[in-house]
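First the structure, which I've put down as C-alpha cells, then a few questions once you've had a look.
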Amino acid sequence: MAFLVRRLLLAVPVIFLVTILVFSLMHMLPGDPATVILGQEAPPEAVAALREQLGLNDPIVMQYLHWLGGVLHGDLGHSLVDNSPVSDLIAQRLPVTVELTIGTFLIALIIAIPAGIISATRQGKFSDYVASILAMSGMSIPSFWFAMMLIVLFAVKLGWFPASGYTPFFENPAANITAMILPMFATALREAAVLMRMLRSSLLEVMSADYIRTAYSKGQRERVVVLRHAFKNALVPVVTTSGLMVAGLLGGLVITESIFSIPGFGKLIVDSIYQRDFVTVQGAVLVSALLVVVINLAVDLTYSLIDPRIKVGKGAEG
Amino acid sequence: MSTLLEVKGLKKYYGTRKEVVKAVDDVSFTVEEGETLGIVGESGCGKSTTGRAILRLIEPSEGEVLFQGKPLTALKNAELRKARRDLQMVFQDPFASLNPRMTVGAILEEPLKVHGIGTATERKEKVKKLLETVGLTEAHYDRFPHEFSGGQRQRIGIARALITQPKLIVADEPVSALDVSIQSQILNLMKDLQEEFQLTYLFISHDLSVVRHISDRVGVMYLGRMVELSPKKSLYDNPLHPYTQALLSAVPHPTPGEKRERIVLTGDVPSPANPPSGCAFHTRCHACMEICKTERPALKETGDGHFVACHLY
Amino acid sequence: MSHSATQASASNTAVPVVKKERRARQFWRRFSRNKLAVVGGVIILVLILTAIFAPLIATHDPIFDQDYNNLISKPGNGHLLGTDDLGRDTFSRLIYGARLSLEAAAISVGIALVIGVPIGLVTGYYRGVWDEWVIMRIVDAMQAFPSIILALVMAAVLGGGFFNAMVAIGIGFLPSIIRITRAQVMTVRNLEYVQAAKAIGARDGRIMFLHVLPNCLAPLLVQATLSMAAAIVAEAGLSYLGLGAAPEQPSWGSMLHIAQGYLNIEPLLAFWPGLAIFLVVLGFNLLGDGIREVLDPKLKR
Amino acid sequence: GCSSSNSADTSKSDAKPATNAVKQGGTVNISLDADPPKLDPSFSTALVDRMVFQSIYDKLVDLDDKGNIVPMLADKWDVSPDQKSYTFHLHPGVKFTDGTDFNADAVKFNIERYMDKASTRRNELQAVDKVSVVDPSTVKIDLKQPFAPFLSVLTDRAGMMVSPAAVKQYGDDFLNHPVGTGPFVLKDRVKGSTLTLEKNPNYWKEGLPHLDKVVYKIINDSNQALNNLKSGQVDITNVFPTKEIPNFANDPKISVVNQAGQGFQGMHLNASKAPFDNAALRSAVDLMIDRDAIVKVVLNGAGTAGHSPFAPTQFAFGDTDKFERPNVDKAKELLKQGGKPDGFSFTLKIGTTPTNQQLGQMIQNMLKPAGITVNLEKVEFGTLIDQAKNGNYEAVQLGWSGRPDPDQNLYDWDVTDGTQNYSRYSNKDVDTLLQSARVEGDNNKRKELYDKAMQILNTENPYLYLYHSNNVFGLSKEVQGFVYVPDGLIRTATLSK
Amino acid sequence: MSTILEIQNLKTQFHGENRVIPAVDGISFSLQKGETLGVVGESGCGKSVTSLSIMRLLAKGAKIAEGRIHFNGRDLLSLSEAQMRSVRGNEIAMIFQEPMTSLNPVYTIGKQLSEMTMLHRGYSKKQALDHAVEMLKKVNIPRPEKIVHEYPHQLSGGMRQRVMIAMAMSCDPDVLIADEPTTALDVTIQAQILDLMRDLRDRQSTSILLITHDLGVVAEMCDRVIVMYAGQVVEAADVNSLFERPAHPYTQGLMRSIPKVDADLDRLESIPGSVPLPGSVRQGCRFASRCEQAHDKCLSDTPPLFELGEGRQSRCWLNQESAIGEVQHA
C-alpha cells in the first residue's frame, strides 16, 4: 500500500508536466479555437464573444490554473465544441479503445507466445527462420496499409466482416465482435511480431543461463526446462514491452480508428485537436497519461509476481 | 623512508534513504615511500572502496587523505586532476579496464596528453619504450585491446599507470582475474618495476598468498574496518586478530596430507548495511567476550608496528 | 630489467591468443553471416541507389506529367505500374518517393540524435537533480503522451511542410533516444576504463566524449536504424492524416493516402506504395536487427 | 412589391400522390461524413448539423424540390409593401416534443435568441429590428430595412424553432438535449459514432413520419460509407465517391442522387499584399485554370465548371458564370501588365483532403506553362481558416456550401470588410451594388445588379470561382419517399423503408 | 576399488566461426569408486567441457566427435536422450562454479530441491519437500524448514553453494562432478564448503570429480590428480607424487609459480606466455613454446602420454626414457 502511494506520488510531477506540455502545445497551435469553432461565416463579434465566453482572453497562466483547479476538483471541464462534460466524452470513448486494445493485445499474445517459444528453442532451425522472417515482416507492415488490404480482401471482396463501423458491445455483442475483428487483427500483427521477437531473444538469453544448465543437469526434459524454468524468467522484458505496448495502443490507435470509423479514444483526441477543442484534448491526454502511469504500475506489480528478486517499489528507474 | 600517503579516519557510506551501507568505516593507515602495503579481506569488506576513495575516484564521506603531506581530500577539481599524475591505479579486470575503441598507443598516450607532457613524437617514443619495459613490443602500439590476452592487457594497464611516472600506484586486485602462471608473471613485473622506478604500491587483494609475496606490510580488513595492520612477517607468523587467524588457516596449502589446525568460521560475513555492534567480527569470533558485543575495539599497537583492533590485546 | 626483457620476447612468441583481425572486418564478417541482415542491407542499398539515380530510372516526370485522359489506369501504355489520380506514372512516383523516404528517415532520426544523445550523455554522466527531476520527468511526460498525437500536434505547431513534419517525428523519438543513451552511459561510466580515464586526470568532457560516448554507440546505432524504419511508417501515417510532404511530392505515405480513395476501384494503387514502405521498413528493421546481433555480446556464439 | 402569400393547406408530402399505402415503421440508417458538433441551431456552424436538424426541428418556411420557398410551421405569411414587415400565420396546435406549445411567443423567443450576440445566426438576422406577438398564432417581424434574402434565411437554421422551455431547462447544454417540433426525437447519441432518433408520435403533419427510427452513422470516409451502403448497414450516404458514380448506373440495389447544389469552390487571392495586390496577376492566374478539366478530374463530372457564386438553380445565374479557355499568350500579356513578364511564384494553401490535394496539384500544373510557380502547402483545416481570416496567406483554397439566396453566397465575400472577405478586397462600386441588391425586392432587378457586380468581380478576380459541385447521395433502392431539395439536406419525415 | 567412470579418448569440438575448435582433444582417465579425482589446469584448457561432455550437456555448437564414456557398464554416449535424463541428477550429479547464478531466481529453494526427487524417485510434493529439508540439514543449513520457502536471492553465496550441493546429493548419485565449486567464494566460506564435501564423501562414499585451478584445493581434497593443458591430459598422478615429484615441465612450472602463504619467496618463477587456443598448435608439444626445457623434438613431434608406473602418466619427451609404455588412444 505504501508502495502504491509512493508510486502515485512519484507520478504526480509527471502528470503535472504532461498537463503543462499538453496545455502549452495546444496553445501554441495555430488556429484560434473560437474561429475554428464558429467556422467561415462567423462575424468578428461572435468570435470575440465566444473568446470571452471560453475565457480565451485571460492570461495563459490563468487559463491553465483555472483548468487545473477544475481538474483537482474532479472536473475536467466542458467541451468547447458542444459543451458536454469532457468526462462524459471520455467515458463514452475510452471503453471502445480499451476493448480494441485488449483484443489486439490478446491476439498478439496468442500469436507471439507459441511462436516465440518455438523460435527460441529451435534457434537456427528452419522453423526459427520462418518465424523470424514472418515476425520481421509483421513488424514492417504499416498497420494502416495492412488494414486497408484487410478491408479490400475480407470486407469488400469476401464480405465476411463489415468494412467499418461500430456497435457497442452490450447492444449487440455479435455485431460488436465482427466489427472489431478486422481492426484488432490489423494492429495485432505488428504487436505480435514485436512481442514474439522480444520473447525469443529473452528466452535465448535465459536459455544460456547457469540455472538452465542446472535444470538440465537434474535430468529434466527440455519441454519442462523451457516452459517451467526458462519461460518465467524470460517474461520480465516481455512484460515491459507489453506495458509499453498497451499504453501505446490506448493513445495510438488513431489511424486504425479512423480507417474503421470506430469512435475510439484516439480519434476523440485527434478530432478535438482538429476542432481546437482544447479542453477535451487536455482532459483526454491527462486521462491517457494517468492510464500510462497505472499501466506502468501494473507492470511493476507484475514484475514482482514473476520475479521475487524484484521487490515492489525497487528497481523502478532503469 | 618518509611517509608518502597518510589516511586518517577514512569513511565511505553509501546511503539510500532507508539504509546506509558502511563500505569503509573509519580506516586509518600510512604508506611509506617505496614500500608495498597490502590490503586483504574478503569480498565486500571495502578494499576497493578504500583504494578508490584515496584517489578520490569516489568521494569519501569523511576523513582525510594526505599525499606527501598535502591533503588530497581538500583539492579542487583542477588541482586534483594535476595531482593524479602522481597517483595512479591498476584495475582488477583486464577486460574492462581498457577502452575497447582505443588503440594501445592511444590508451597509453592519453595520460601524457591530459597532463600536457611532451610533443606528439616524444609521447610516441615514450610509449614505445614503456611497452618494452612492461614486456610488450612496439608492434603492439596500433593494436586494439581485444587482440590481447588477459595477462597482456594487465601489462597495458600497468603501463598506463606508469607512464606519468607516478609516485604511488594503487593496484586493486591486479592479478585475481589471471591464471596462476600468468599471475606470477605480473607479480614479478610489478616487483621489477617497483625497483626500477622506486614505486610505492597500495596492493589490494583477497589472496593472502599473493599479498604475502608482494607486500612489506599488510592490513587486514573486515566489514569496512581495518582489524590488523602489521609488517608481513609478524602478521603471517603471528596473527593476532582471531579473524586474521581464521583467514590464514582457511587458505588451502598446496601440500598434500599436511595436518593443520583449522579454524573454520561459522556463518557468513554480515551485511555492511547492518554491521554488528561493537566489534564487527564478534558474531563469528570463537573468542568473543561480552565487551566485544558492545564496544568497538580501537586499532592499537602491540609492538614492532603490529597493530590490532581486538579486545583480547 | 632483465626479467621483463626476457618475458617480453617470450610473450611475443606466445602471443597468437586473439585473432589479429580489425574490428571493422570482424564486424563485417559476423554481419555477413547473418543472411537476413544482408538482405536488409541490400534493400537499403537499393533504396539509396534508387534515390540517387531516380531521374535515370523513372520513365516520367513524377509531378508535372499529368494526363487527365488517363486516370487510374492499369499497367500498360508506357506506364509500368499504371497511373494515379492525376494520370501521372505510378512507377516514376514510387522511384522518386525513395528520396523522400530517405530524407524522412535522415531528418527525423538526425534531429533525435543531435538533440537526444547530448542530453542523454550529460544527464546520464552527471545524474543528480537535473537528470532525475527535470530531464527524466520531461521524458516520462513525453512518453505518457500518445506518440502519434504528439507528432500530430508538433507538426501542426511547427507548421506545414515535409521538413517540419519530420522534425515533429524526430521529437517523438527523443524520449527513447535519451533513455537509451542515458542507460548506456550509466553502465559505461562505471566501467573500469572510464574510472581509469578519471584516474589519469582526464576532464569530464574528455571522458564523456572520448571514453563514454563511443562505447554507447552500438545500441544507439541499432536504435537509430530501427527508428529510421519507424520514421518512414510515421511519415506515411502523418501523410495519411493529411500532414507531411507537400501534395505534389511523391511521398509513399501521401500516395497511400490518395490511393485509399480508390481502394474499391483500383486496389493496386494502394498496393505499390504500401509494398515500397513495407520493403524499406523491413530493410531497416533487418539491418538494425543484424547490427544488434553482431554487436550484442550475449548473442555472440 | 410581389408579396408572396402562400396558403397550401398542410404539408408538401401531399405533393406526392400517396396512392398505395406507404409502409410504416422500420429504421433508415443515414451515414454522415462528420459528427455534428452542435445540435442547437443558434450555435451550429457545421453543414452536417443541418442534416440532423431536418429531423429534429421544423422551420417557419422550407424549400421544396424546385428550391421554392414553401410553408412549414407558418401556414402563410404577409409581407408589407415596404418589405420591412413580415407577418407569419402559424400552424395551429403544434407542440414541441417536450409537450409545450409552439406559438407566437415561441417564435419571438427563437428569433430573439438567434439575434443574441453569442449566436452564430446573428449575422443572418441583422436586418431584423423587432419581433412582436400579434396573437398566439400570429407573429410579426419588423426589419430595419428591406432585406431580400429574409425568407431564404428562415428556410435554414435561423428559421428553426426550438422549445423555449427546453432552452430554459438545459441552458448551455441544450445542444445536447435538442427539442423541436420535428418528425423525430433524439434518443441516444454516441459521440463520433451514432445518433439515434425515434419517431415523434405526435408529429403535427398527419401520417408522418413513416419511420420508427432514423439512425445517423458517422463514417468519415466516403468509400467506407459506400461499402456500408453496399453491405446494407447504411441506407443513405450523404456523400458519394464521385469516381464510383458510373459503376452504379444500373445497380439493382443502389441508386445515386447526383444533383446540382447551391455552393461553389474556388480560391481566395490575398488582394492586400504582393503578388496578388495586382489585379492583372490575379487575372492571369484566373485565365490559366482549365475549369473543365478540374470538373472532369476532381468531380468526375459531378458538377459544373463556373465563374460565379451562383448555382444554376438560382435566379442570379447566367452569363456571369461563363469563363474563357486557358490562353497562355493572353496570360503572358496580363503578366506583362502586372509587371511580371517572366512569371512569379506564390504559395497556395489547401486543406488536407485528397480532393483538396488533387485540386491544388492541378492548379499548380495548369499555371506552369505561364511561368507561374505554385508552391502548395497542406494546412490542417483549423489553421487554414484562421490563416485565411487573418490574411496570413497569398492564396487559399476555400469554398462555400451555398445558400438559397444569391446574397447569401456573394455579399459577405466581396463587400468591404465582409465576414468572408478573406481576399481583403474592397471596391466602392461593388459595395454599392451588393447593398442595393439586398434591399431590392424584385428578383429581375436584383439579377441586373448582380450581373453588374459580377462583371467587376470577374475582371478584378479577388476570388477565383472554379466550379459548382453537385450534391451526390447514395441511396438504397429500398428507401422510398426520398425528395431531393437543392439545399442538399435530407428530409427524413417522408422516408419509408 | 572398482572403476565407476571411465573416459576413453574423448574429443569434443566446437564448430566456431570458420573452423573447428578441438576443446577437448583425446582425453582418457578413470574415476574409482569412493575416490576424489582432481582435474587442474589453466583457464580454457577444457576442464568444463570435459565435465559437460560427461553429462552430455554441451552448449549448442559443441559436438563429441570421438570417444567413450563408460559409466557403470554403459556407454553414456550411446544412450538415448531419455535414458541419459535418468542418469543426470540421479546417478551423476553436478555442481557448478557460480552459486549465484546456478539457482533459478524465480522459484523457492524447496521447489528446486524437490524437482530432483519428484522426477527420479517419484516422490510426492510433500515427500520431496521433507526430503529437501532433510538434505538441507545434511549440508548444515540452519533453519532448513524456513529456508525451503525462501528464494535464492535471499541466501548468501555460501548458503547457495550448500543448496547446490544438497541438490546434487539428493538422489545419492554415484558420481558427483564439481566444476570449480568454490572458486567464486571467499576463503573462509571455501573452507566451510570443502569441509562439507569431504564429510559427505566420507559418509556416502560418493566418487567426486573435482575440477579446480587451485592447487591448494587439490592438495587438500583429492586422491588422484590429472593436469590438463590445451585440451589434453599432460600429467596424471596420485596427489602426493604429483606435488613431490611433478613429472611434466608444465606441472613443475605451475607448482613453482604459486606464491605460498606459509613461506616467503623472493621471486616467483613464472611460465612465460599464455595457454595457446585449442587447435592453434598443430605440431609438436603444445607446451613447447612456453617450456624452458624444450628442444627440437618438442617442436616437431607430438609427445604421447607416457605411462610412468604407479598410475603415473606424463606427456613429455623428457619422460620417454623412464616410461614403461604409452597410454592408448593418446
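A few comments on the model shown:
Each chain carries a letter (A, B, C, D and E) given by its place in the written order, and its residues are counted from 1.
Heads up, the rule we're going with is that a contact is a pair of C-beta atoms (placed from the backbone, for glycine too) under 8 Å apart; a residue touches a chain by one contact, two chains touch by 3 or more.
In this text, all values refer to a predicted model and were calculated from it rather than measured experimentally.
Note on connectivity: the fewest chain-to-chain touch steps from subunit A to subunit E number 1.
Each chain gets a centre from the mean of its Cα atoms; the one farthest from the centre of subunit D is E.
Each chain gets one centre point, the mean of its Cα atoms, and the points for subunit A and subunit D are 40 Å apart.
Note on chain placement: the centre of subunit B and the centre of subunit C lie 46 Å apart, centres being C-alpha means. Centroid to centroid, with C-alpha atoms defining each point, subunit A and subunit C lie 23 Å apart. Residue positions 221, 227, 380, 383 of subunit D are each in touch with at least two other chains. Across the assembly, subunit E contributes residues 60, 270, 272, 274 that each touch 2 or more other chains. In subunit A, the residues that reach two or more other chains under the touch definition are 29-31, 151, 156, 208, 258.
Across the complex, subunit A meets subunit D through its residues 29-32, 35-46, 49-50, 53, 78, 81-84, 89, 92-93, 151, 155-156, 159, 162-166, 168, 258-263, 267-268, 271, 274-276. Residues 13-15, 17-18, 20-22, 25-26, 28-31, 132-133, 136-137, 139-142, 144-145, 148-149, 151-152, 156, 201, 204-205, 208, 247-248, 250-252, 254-255, 258, 266, 269-270, 273, 285, 288-289, 292-293, 317-318 of subunit A are the ones that touch subunit C when the two sit in their complex. Against subunit B, in their complex, subunit C makes its touches with residues 1, 3-5, 7-8, 11-12, 15, 17-20, 22-23, 191-203, 206, 210-211, 214-215.
Subunit C meets subunit D in the complex at residues 63-64, 66, 68, 71-72, 85-86, 156, 160-161, 241-244, 246-248, 254, 257-258, 260-265.
Within the complex, the subunit D residues that touch subunit A are 35, 37-39, 45-46, 117-120, 122-123, 172-173, 175-176, 190-193, 217-221, 224, 227-228, 231, 233, 380-383, 385-387, 389, 398, 400, 412, 419-420.
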